[in-house]
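Please go over the structures that come below.
In the two assemblies presented below, chain A is common to both, partnered first by chain B and then by chain C.
Now for the complex of A and B:
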């Protein structure tokens, strides 16, 4: 016999929504957005300090704010939201009950206690060790304890996700293979397990070191294992936001992937190889061989990049196929021109896809090449790259799907629709600017995590080129734009969740529009067409940009090391 | 129409396993095999290989 569970039927998609899963999605999403707001504020303070003419914070506060910013947005906001995505992609998409809601709540509690504990440790001022907390810099013990508790909670959440897959299969809530969105979430959960295990392996001894029970932690071993957590945690994001792209394409257009099999193979590339990109943080370490570096960051990572490029073709291709099937067949781009650009779920998703590919993706491959990595290793190019992946890519995608979750899961009408329409553009272009100008400054040699780029109190003076100052100023201006976009998001979502018109059980939301075809999100199946000339053109432009930028960086390298 | 129900979840029934499912699809349909692969590959190529190299760095006199 199956167990009792309490559900409602979604009037829009017809899916059964387990109320336990629904409440967990709400709780995780709300806490995620609170930490996004906190972490985003710290990020603005960091950007204003790195703006040479403003130089807002004193040095000690700068490093405190940078530590809090990194932890709150790179780990807490993202992982809380990913828990919401995992519960949505398992229980809701599979029409199933959630396995072990009590375990899920325990995990949620541990994550919350851990996040607050680490934030308290940072705000007390004795743990300004950056998100990476490289040894031999030592933080307060409760800094490490908080991260460990957070990780254990997230691991419980992953366990509940796997359990729900088992329950759904056993209770036959779906037929055949799991839908692609759930497969993407599965990929994220698998990478999360590796990430959390790596974190435990290195942070538990570091906690013991901080309380005096372990005498020494080798810095290079720490760095190697820490990045298995630190970089892989960002690969959870990649898998999760690609799943979100497919989900939004299905829910807004009823789009099916061009080929389920090929998209699933692309996710398999992530499962096998994406975590190996962690090695790019160690490309300048003399203690590790070129074989290890090149295998991990080039041969293996390129297979994961191949996966991303398949998704980069498949998602817009699926949208184009769905639009063309509705008669939008004029020319190459009628399907794109007549896409719902005033729907923040779509506009946010599409900008996330473009920025992730053009900014985060291309720069990631450049940084993963051992030789040209040396031009920008540990410069502000690195945060420029990951603001392109994690913020313009992941955060924008998560913001986009939130505009669907508010009416469908929170059952509230979206308020302030005009602000909601503009929000993805303000935030997206703000973050794209941050990424591009940080990368520009990094190419000119500006170091990351540095309070004063003028080196005002240095014994040996050093000047960056004037263009580097311009880049950092533009970075500050675009950070303000992104912060305005972030505030718009928080105002719309928090306002709607608490004060939006309540939707009756059988009432469909008026905005954003979710068509009945959105049920495609919960089905396995392909559109099985390659009549996607517009997408082919977009992908061709991407390849040209990719090749040009890659070789431009080799040209830069040749100028750093003149050979004649 | 909306529903708001307490119901029995569908019961599991014994169904014959289809015989002609390709091996690759069987792999992709098994989350736990994928989990093992997703942990083993980076553990071997990134962590274990990396640690072996670090432990072979000679200690300075």
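Now for the complex of A and C:
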């Protein structure tokens, strides 16, 4: 067969890598990391301001920085990186050419212009409306315009992903069904289309309202539809980072899913039920019935939670099965103890898995319980929760796979290996601390998005308990730790991408070690590989923690003023 | 591997390992328990958010609040009227940039129908240190029946960002024996 498109052959995997796809992955990943650095810096400024003894920024700058922080990391960093993941999981994994690279570049351009436009609007000072931009508070028109352009660009990227699936199928670049990682990316892309459509439905009228062409936007309608974008965009992250977990388990261990059927069913549950969770943001609103709230906030009887709990077993289970088949069979945890903890791709991925489940996952379900939400709604418990999901979960997983993309896609040796080795730990524990201490402060009533917890300038005084000050101080300290971890990541990756030793066309990278495909192990159905006692112990601990924490919060709720 | 097509072409016909099946059943059952727990609490629990709400113009809500203030004001504090409405009555709390208006005084263990609405932007009713948190919307009036069961002085904070004075938006509720 002739060369239908410009590709090189990957010396590690033997796959053909479309150069157009490769360049797009590089461009999207680099821009993503730039915005991670910018948004992360804003986040540090926010945390330092909320540290009572430091109280770094003045009020107007604080609200400006918080708006920029939310937009840059929650949307821009993550969606740009997800575009890289989509192109990787389609063209590269499927051994195919990318469909319509020009469309992909157009999408990239729109996203970049949109991201810059909104950032300019925020930095000009007239659009400190927070990431959520709840009406009737109005931002400058170009704030909304930037978000819309960004979303349209992302939609084009999803279209290129779908097109590539069609091309790969038609040109028979693989046999049988698409790989699980691609299936996970497909889940993310489908959720993304729903997300972006919701965003367009509400932000286009809001843009028209901000220029005076629409007279009124109902705040409750806005909130309902906005969260169909706002929460769903976080569900793209969940699907994408679970796909990344499977990808890293495959690349580092040659691990095979315990059951293709179960893992795919779990992804399907995300497509069907995960979106309902936008109701989490509406539990304290007037005018919605309890029936509506209960059905939606529970993702129709927690079926999406079921999906995540399945991945929570099958990802570590696949790793354990692979490790055991290599002879690490002693006791319950030899497979885990002797895992490559000095490989940042693995350590980052495994911490992402644990923190996402224990911190982000449990707190999310508890907070999303209709009545328990009353004692947490809009307190700083909420950012505590989503720093556990989006930062300790998604961002850490994306950082981890970046350590594999640098040698495999950027074709550069990783530099500063010692820093790289420690980076996931510094960042991971920093973020875990941020999440836990914000959640602690939230249970003591500390408000989110709030400049001054001392209420020094308020007419009527109010004092939080001393423990709340301690929590916010610890939050500030751990934010510094996380910021150091973030800087380590940017330095290692940017350094390697621009100054790392170039790999020759047929040269395999020396680090991180990636096993050749032939060691793919743990044949499904063979009884000896499916004994995964360590994983059973891990999920049992998780389950007990989940049940205890859930009922403890009902206990807290039962002690507040009766209301009906 | 998860990066290659499934090795068994007919992967959907592969059996499910026992451990995975057990975990799915456990997780699904736990989901049902959590689901029915919310329904159960509507019957057995004392803390449920009312679904009673109406659309209302800000001026109309302000008038009702002013009528209550005129009738039941007992004193003034830092420029805020302190209002002590009778138990069981309708009580109005205005959220506006950047005040909770007026200060309310309740009797312990008595119930009140608390009406909440905003005059301008979205606000967040955050009763501290009890830690009850509700959204307050312009154009909508939410009515919750509250029964303060501990005497004391409570803060009403705003926990929905509402502009540059957001952090100064502090109100007060007294609960007396």
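Keep in mind that, in the parts below, the second predicted complex is superposed on the first by the 543 of 564 C-alpha atoms of A that agree within 3 Å, B and C clash if a C-alpha of one lies under 4 Å from a C-alpha of the other, contacts with A are read in each partner's own complex, and residues count from 1 in each chain.
One rule holds for everything that comes next: contacts are C-beta pairs under 8 Å (C-beta built on N, C-alpha and C of every residue); 3 or more make two chains touch, one makes a residue touch a chain.
These numbers were taken from a predicted model, which means no experiment stands behind them.
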item	value
First, second, both or neither for A:537, with chain B first and chain C second	neither
Chain B versus chain C as contact partner of A:545, first or second or both or neither	neither
Which superposed partner A:309 touches (first chain B, second chain C, both, neither)	second
Partner chain(s) touched by A:63 [first = chain B, second = chain C, both, neither]	second
Partner chain in contact with A:467 - chain B first, chain C second, else both or neither	neither
Touched partner set for A:218, first chain B, second chain C, both or neither	both
First (chain B), second (chain C), both or neither touched by A:177	both
Greater chain A contact set [chain C / chain B]	C
First (chain B), second (chain C), both or neither touched by A:254	second
Contacts of A:289 with chain B and chain C, given as first, second, both or neither	both
Shared chain A surface residues [contacts with chain B and with chain C]	177-178, 218, 220, 261, 264, 287-289
Complex contacts: residues of chain A adjacent to chain B	1-9, 11, 97, 162, 165, 170-173, 177-178, 183, 186-187, 190-191, 193-194, 197-198, 218, 220-221, 224-225, 228, 232, 261, 264, 268, 271-273, 275-276, 278-279, 282, 287-289, 292, 295-296, 300, 504-506
Partner chain A, residues of chain C touching it in the complex	1-9, 11-12, 14-17, 19-20, 23-24, 26-28, 30-32, 34-35, 37-39, 41-42, 45-51, 53, 77-80, 99, 103, 116, 120-122, 124, 126-135, 137-142, 144-150, 155, 157-164, 166-172
Complex contacts: residues of chain A adjacent to chain C	59-60, 63, 93, 129-130, 134, 136-137, 174-181, 218-220, 223, 246-247, 249-251, 254-264, 283-290, 294, 298, 301-303, 305-306, 309-310, 313-314, 317-318, 365, 369-371, 374-379, 443-445, 447-452, 455, 457-462, 464-465, 517, 520, 523-525, 530, 532, 536, 539, 543, 546-547, 550, 554, 557-558, 560-564
Chain A partner contacts - residues on chain B that touch it in the complex	1-13, 25, 28-29, 31-32, 34-35, 37-39, 41-43, 45-47, 49-51, 53-54, 57
